[in-house]
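Multiple structures are listed underneath, in structure tokens.
Both complexes shown next keep chain A, but they swap its partner, so chain B is in the first and chain C is in the second.
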Partner chain A sequence: MQFINDAVREAVIGVFDTMLSLRLEALEVAEGILPASTAAGIVGSVGMAGKINGTVYMSYPDRLACAIVEKMIGEAPAGVDQPEVTDVIGELANMVAGDLKRRTAEKGYNGLLVPPIVMLGNGINIDSNGAPISIFRSFRVPNSPEPLSVRFFAKLEG
Partner chain B sequence: MSIKILSIDDSKMVHMVVNKTLKPLGIEVITASNGEEGVARAQADKPDLILLDATMPVMDGITALGKLKEGADTKHIPVIMLSADSCQENRDKATALGALKFISKPFTAEALLGGLKDVLNLSIPA
Partner chain C sequence: MQTATTEIADTIGKFISEVTPAVISTMLSWEAPAEIPFLPNDSVHSFTIGNINGSIGFGGMVCGTLFFSVSLTQAAEMASALLGEPADPESRDCLDVVGELTNMMAGGIKTRLNELGYPMVMSIPNIIRGPSIRVAGKDVQFKVEREFALGSGGEAARVIMIGRISND
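And then the complex of A and B:
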């Protein structure tokens, strides 16, 4: 379990550093049986299926999502519902899931990635559905008062 | 010599980063948003090189790579995979089908330019 927890942290920090030159700081961490939670803002998620079955959820408050997109494309989006926001948030989730998958594959747990899904709103339900691997991590993003929240729920096969 | 590169990816963010990296070098970047559109664009536009994502809707990159390498008018075009799904199994599949390089996402401008230099034998500053 610890290697997956570490892989989540390394994947998130690595993607933001490489693509956005943002040095995230790992904050809170929780694992085990996590209660369902409700996110507000925008959530990028990517599923994986195979010897590892699971989903990564990356939750951003609106302001943080818009700031990240502005840093990526060089101009502020008109709102969190703009296509460039969903595109960037989806692709960042895809990169994190890909990096995480590569790290778990090295330990013998490979899977297929599915294209990202992006959800918007004030009551986005995120539930582990009893997954034996349930990890929550938050990250401080430079110049943002609000953290990035990442959840990974998974089950290993074999 | 002008160089034209086809970026096949379902993310506009990736197209933008590729364009931002290559345009200052005088390299033209054209785009497609899935494998099916990418194969058609490659047949129509005859790029000098293709950057190909693996995980995409409609047609994934590995299937598209197979079609590109089967096509009489596209099989000679060098392909670099540019994908978040960079496990060894995917790398092996892509190599077996004819991809010349595999660059993992997230990627740096240096990694992209290094890949292009190797494949196209260019002398561009990295």
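And then the complex of A and C:
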């Protein structure tokens, strides 16, 4: 499913470039059985259902999330649990999922988007539950020592 | 006067109350778990979930996310009941069982909403694990939660759905 893997990369890079003028650099990529990983910080996620069924999860360490929010709204948030942080992280997940949906629809796999959810915690572990498509990608964000991690678990119908 | 949103939330609550005990008793051959009355104490937009959570999204006229939230002990007991042998709470089997039960609950709710004239499609289940995870729902209008006494200890398992009526 190389086209989905490519679509995830292009969607993430495109949204960050357009919305934040940040040029992300793709780092690690893994497909299939992904290594177990625990994310500390904040995770934005959006599901899609239809010819493509799945969910995209975008994991940010606290400092990275706050830096991105500051770049977006021009003011540093008091902490990762502030409403403006969850708003921005949810909206970025929504935009990436929307872009990803457009790209997969062009290949005949359309889906309806689910409203975004944002999760906060010190040890969030997300498991694909055996989804046929499991993709992990990480991205270097300019001026951040910590990467953005993106997971996409999905199944194609038909 | 009830709004369309409160009406659909009440309807989904009723469906959760019907579907959850039916799925548990059918799949695990357990007595149907009793619903525990409770007063919701957190907002539509922010709430906590348990240590192991099946999660599944819905798209369509009603769109949102369903969570089936259980403890490690409950997950292990459910996996043991389904597989017929003791299950480690951290094992793949436990996660698979929670995912499958979430899928069946979501399917039951979706079927009932479709029959009421709300066409919807379902995503695939994922498992979200961890201590004290706080969830913030964005662009949602309702949160429905029901609790059930599940497993030998009778502790509460939670079924939560957040979402909105979509005009798309």
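Just so it is clear, the second predicted complex is superposed on the first by the 156 of 158 C-alpha atoms of A that agree within 3 Å, B and C clash if a C-alpha of one lies under 4 Å from a C-alpha of the other, contacts with A are read in each partner's own complex, and residues count from 1 in each chain.
Convention: a contact is a pair of C-beta atoms (placed from the backbone, for glycine too) under 8 Å apart; a residue touches a chain by one contact, two chains touch by 3 or more.
All of these numbers come straight from a predicted model, not from anything done at the bench.
S.K.: Touching A:Pro115 in the superposition: chain B (first), chain C (second), both, neither?
M.R.: A:Pro115: touches chain B and chain C.
S.K.: So, A:Ala49: does it touch chain B (first), chain C (second), both, or neither?
M.R.: second
S.K.: Have a look at where A:Gly41 lands relative to chain B and chain C in the superposition and call it first, second, both or neither.
M.R.: neither
S.K.: When the two structures are overlaid on chain A, which partner does A:Asp87 contact: first (chain B), second (chain C), both, or neither?
M.R.: both
S.K.: What is the contact status of A:Gly123 with respect to chain B (first) and chain C (second): first, second, both, or neither?
M.R.: second
S.K.: Does chain B (first) or chain C (second) touch A:Ala131, or do both, or does neither?
M.R.: A:Ala131: touches chain C, not chain B.
S.K.: Tell me which touches more residues of chain A here: chain C or chain B.
M.R.: Answer, by number of touched residues of chain A: C.
S.K.: Tell me which partner A:Pro77 touches in the superposition: chain B (first), chain C (second), both or neither.
M.R.: neither
S.K.: With the two structures laid over each other on chain A, which partner does A:Phe153 touch: chain B (first), chain C (second), both, or neither?
M.R.: The second partner, chain C, only.
S.K.: Could you tell me which stretches of chain A are touched by chain B in one complex and by chain C in the other?
M.R.: 87, 90-91, 94, 113-115
S.K.: In their complex, what parts of chain C are in touch with chain A?
M.R.: 54-60, 63-65, 95-96, 99, 120-140, 162-164, 168
S.K.: So in the complex, the part of chain B that touches chain A is made up of which residues?
M.R.: Contacts found on chain B: 10-14, 16-17, 55-57, 83-89, 104-108.
S.K.: What does chain A use to touch chain C in their complex?
M.R.: Interface residues on chain A, with respect to chain C: 38, 47-50, 53-55, 81, 86-87, 90-91, 94, 111-131, 153-155.
S.K.: Quick one: in the complex, what on chain A touches chain B?
M.R.: Its residues touching chain B are 14-15, 18-19, 72-73, 83-84, 87-88, 90-91, 94-95, 97-99, 101-102, 105, 110, 113-115.
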